[in-house]
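See the structures that follow.
Presented sequentially are two complexes of subunit A, the first with subunit B as partner and the second with subunit C.
Presenting the complex of A and B:
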């Protein structure tokens, strides 16, 4: 009786599963979104996922999708918490036609690395994520597009060098890194040391315990050390507090360089006047003057389908990051469609698209994003794609780009990344790919 | 001394041996076949892990009357200990790592339980906060714990017991279920023994217990040790069967409060209450969220829905605690009694808190 009931239940479940799988629209590509619109990081989440959805909407309204394939999505709220992200993953992974996952959270991305490798769907961690996943030989499905934490560090040091008039001028200079007391904050400690040895600048690294709403003692030590530059590797409330405290101890704000998670409007506006002149790294310029943003304003917001509630946030740092993320995802699908045909692609086919995601400045211009971001050149073994960085200065009301597109020192970083990836491969018995082959399942 | 024993025995089995047997048959015989991957992986596995943690805290807070806000820290100790045993001692089976992680957590729990010898109630709760902050700090500060992984996040090893690898949603669920069932049986056995009676005596009246000859020092530390042991095991399940990754930030004070709320809402000094509370905190919001998305998903965005769910859950908690301060379990028992038309029996007195 029990057995027959469970068998019947299993048959029923299988039937439901089949019927759910069968009536797939042949021309839909699905984006599961682990968004966070609630909680302490909601400002980043609403901006990023708003920009992403705005771009997907633009493609659907203006072009009727990618190659006739309509883009669809569903949001699951994570509040930036890992276990909620995992729950959303398990819930949405069986949806037909999943293109790629874009969690914008290191913790959630880490929890997904095993899962997406098994399910063979790409995981996009634009501007963040696990540094060694840049090595596509070991991590075939993970793409830290544009920038990983190490290249970010190298980009910041290169920018300081350019302000000083060349890399040789770094010798004898003093740089202090003020980092958030979390795994994220500590991730770049060894790489700053390596760069200090390489260029001969002296280095101090000072921790600010989470959440960082009290930094008096750290800034007093900074004042004693009299560094030439302070790199702010902050997160959340730590950023405005750092800027305000710097003003109190009299450290010049234009010699504070913010990293990629200290570069948004939400980081500087609460600091008020103290933030005026503050410089921060970014992979995508802010502002709404780029053609692609103008089209989004006209086509998407004009049709009342815009995702941001507050239209003033159009063109903000996180919104533009979401748009750039949209461009990269859509172009990867377009590139994969050229090889596999204009239909709903499998996750593995989309991975192939990401591994051939090569957008030169001319193509970026054709997409209406000239000046918004520089270019990307992803290959099967380089999943970051050599993204360039630029630096922006806060003028009290908006960010203004103050540098050229700067290239991090990829050749210097690559051996470190490969070493770390090799250790991962050994620990997990992962087969290291030697060519652009389809990864074998583990 | 006989009343608590009877209340445990009858409290656990409202219709002795029948209800749990049915539950076990369903959990082992039906759920793995009928449940979807989503149900097993994203609903039941975290429910089992946090249910076990709530059971652990209930031993300490519900039965022995010692309030602790360090549960999340003990979860973290368990997870990181199992990871390190597995990584550094070759040839040690995962089951051994699991047990060893429980023992390490018990040791850490005893250390942070030392203030209980002098402090009570809220003061003790505040002192257990030390565990919360210290453990998170240590795990972030010393790279050794996370094998010097630059981001401090660790990957889970495979669940292997006696050559059988528990992969897939069903495997992980069955592994967690088995661990939780064994742990629960152990807890029941413990509570029926002299140790369990000492716990309750300690909770109900410390001075009286001392006069009766209950060794206060040993009992208190034992309560912390046993409770932490369970929570440490729960941490291993949470990290390796559910998330399959661990970061120190995932074990913050919020999680400690969550586990404390589970036992308050589910019912203090009740094993079933711990699991009911875990269901209310883990499973119920998911159901509500699915319901909200299905009914109103096209009207509001996910942020608005999430906020409304919080309001609903908050209102339910207030309503529930006003209607039945002894928790869900008292509610369930009352309903069961009404259905079975049994004579009412005394419920365990709620502890001083």
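Presenting the complex of A and C:
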């Protein structure tokens, strides 16, 4: 009896909570969130989705939504597992007014590519995903915003060149790439080879088996090879273990350059002092000094609606990535509303907004994000948008930016991307767009 | 020309890594030896112990008090597992008990995250992991410390089993459960004690692995390192866990360095299982495991 009363009370509370989370607005733009707040990757998931939701909340509280259209969302827990991500997709795709999908998971994103093309809703893979999905002619609904894996690779090599005094100084240098033993880790193997040929540096690529909690043999091999730099293309526990093992074999930590999934506080804090001086690439600076973050602290957390339980995480790498992702999603809707009207847009209309997402440094400043990220220039055939990268160094307590904004070598990369996209199109019998004048579904 | 110094360096590194695998394996052995259960929840217990300890320290609780409190919590966990999971399943098949520990591992992992959150933590035990050189070979101070702790733990268990009444009861139950019951030993009490001991091993292993990897969810995955060690050394032998750990550590490192480059690298994780599988075919009970003799 008592149990059934408790169950009824819990069901009532859940119903009240759900109705609060999903206001029944006529005009609402809905974000289905395939989040991961438990499981092995929860630290990254809570930061990213926390930042994303914080920015959506800011727009709702401060501006009353985008053009009067409220932003709503619902989370489905995936634990970073592909099958759960697909299940959440199937469950939430019928909700009215779906704007875009933002899974922050390579595996889930890959599993969704055919589905979102059929359902005509954009899939945002900020800083990750298939490199060739940059080619919007073949992948009209996929947007690896700011940075694809090849641009990341080129950005890292350009940064190393700048430290050595120019690209010509790379000749004769030795670089070892330590990569995670997964499709994600292996994605950049060919582009590193091409860049090594182009610049004349010698290259070693060493795999670390998943999950990467043991790397003694790899680092002993690195010690023997005596490289000038090690690029860490890691994920999860592999990153702090790499830094600790590097210390164990005496490799200088400031000559280890981390990729975009080896650049968070969660990657360095467990390594303790071994991480002091470590450098990693990023598309968005960390820290809470930017006006947009100050507004979030004042308006969202001030109203008790902040998403992070631990306020110390405001301004962390994953939180800021979530905020930048929020800015890009909201601005795409704003741009699309200018063309289609201030109402709930279809997924295809939002796709059009993403294909015209051009935020120059002046617009980024107006959004309160100057210094947080540089700019973006998405077009119908370039879905990455020429994002710039910067490099940050861990000082033991926080990340400090140590480079200017660096541009990857897009001219060198584009033909490679187009070739790969063309092969995908041929294999999947996909129609290749020849202009941006595709009819938009309303 | 073959670089002998490098070979020794890889070998020593492998042996020291193997000690870390042994630490996890010992927890399995204790429970298997007395109850015949392969406790899949050992990794989750390790995570729970390390997360509890580091969360207390981060909340300002002094180191030794945190250690004592975590120890008490692990004792409580051991007793709770015996009361709520094992006792109701007494006389069930080994597969049922194994599945129960599988479920238990998810419950413990979930409880750990629910109680202490999902954040990643650093754990500093005050031992610098700066290497020192011995005859041109770099040796990790931390790994040596871990080896000393493992040695002390095994010695303590050996003394405990040999010279205490509870230890004697452990051995009796391990030899023959029905005979032990017949002479008046209370099986439930022995099981509670052995799960407590496994909890203590989980705490020690959790602190050492946590200092190496950081205290995070993936700590529970270190059980995967213990399984080939158990196959090689034997599921019911503490000595086997030590020797198996050393062998697996050395073999996987040497395989990665000397065979890996010819097959694309990244082989050490499964090289250990290849060795374990081969051993299983030749000697199913492992190097030191008790041979099972069944009469028709």
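The rule is simple: the second predicted complex is superposed on the first by the 412 of 442 C-alpha atoms of A that agree within 3 Å, B and C clash if a C-alpha of one lies under 4 Å from a C-alpha of the other, contacts with A are read in each partner's own complex, and residues count from 1 in each chain.
What we mean here is this: contacts are C-beta pairs under 8 Å (C-beta built on N, C-alpha and C of every residue); 3 or more make two chains touch, one makes a residue touch a chain.
Nothing here was measured: the structure is a model prediction, and the numbers come from that model.
Participant: In the overlaid three-chain picture, which partner chain does A:77 touch, first (subunit B) or second (subunit C), both, or neither?
Facilitator: first
Participant: Quick check for you: in the superposed arrangement, does A:38 touch first (subunit B), second (subunit C), both or neither?
Facilitator: Once the two structures are laid over each other on A, A:38 reaches both partners.
Participant: Which of the two partners, first being subunit B and second being subunit C, lies in contact with A:181: first, second, both, or neither?
Facilitator: So A:181 meets both subunit B and subunit C here.
Participant: Applying the document's definition of touch, where does A:206 land relative to subunit B and subunit C: first, second, both, or neither?
Facilitator: It touches subunit C, and subunit B stays clear.
Participant: Using the superposition on chain A described above, determine whether A:277 touches subunit B (first), subunit C (second), both, or neither.
Facilitator: Neither partner.
Participant: For A:46, decide between first (touching subunit B), second (touching subunit C), both and neither.
Facilitator: Both partners, subunit B and subunit C.
Participant: What is the contact status of A:115 with respect to subunit B (first) and subunit C (second): first, second, both, or neither?
Facilitator: first
Participant: For subunit A, what residues appear in both contact lists, the one with subunit B and the one with subunit C?
Facilitator: Subunit A residues touching both partners: 37-38, 42, 46, 181.
Participant: Within the complex, which stretch of subunit C touches subunit A?
Facilitator: Within the complex, subunit C contacts subunit A at residues 3, 6, 9-10, 13-14, 17, 110, 113, 117-124, 128-131, 138, 140, 142, 212-218, 221-222, 225, 252-254, 256-257, 260, 264-270.
Participant: Which of the residues in subunit A end up touching subunit B in this complex?
Facilitator: 2, 5-7, 9-10, 12-13, 17, 35, 37-38, 42, 46, 75-77, 79, 81-83, 86-87, 89-91, 94, 106-107, 110-111, 113-115, 130-131, 181-184, 186-187, 190, 307, 420, 427-428
Participant: Note which residues of subunit B are touching subunit A in the complex, please.
Facilitator: 25, 29-30, 33-38, 41-43, 46, 140, 146, 150-153, 155-156, 242-245, 247-250, 286, 289, 301-303, 305-307
Participant: Considering the complex alone, what residue numbers of subunit A touch subunit C?
Facilitator: Result: residues 37-43, 46, 181, 206-211, 213-214, 216-218, 220-221, 223-224, 236-237, 240-241, 244, 247-250, 266, 269-274, 309-310 of subunit A touch subunit C.
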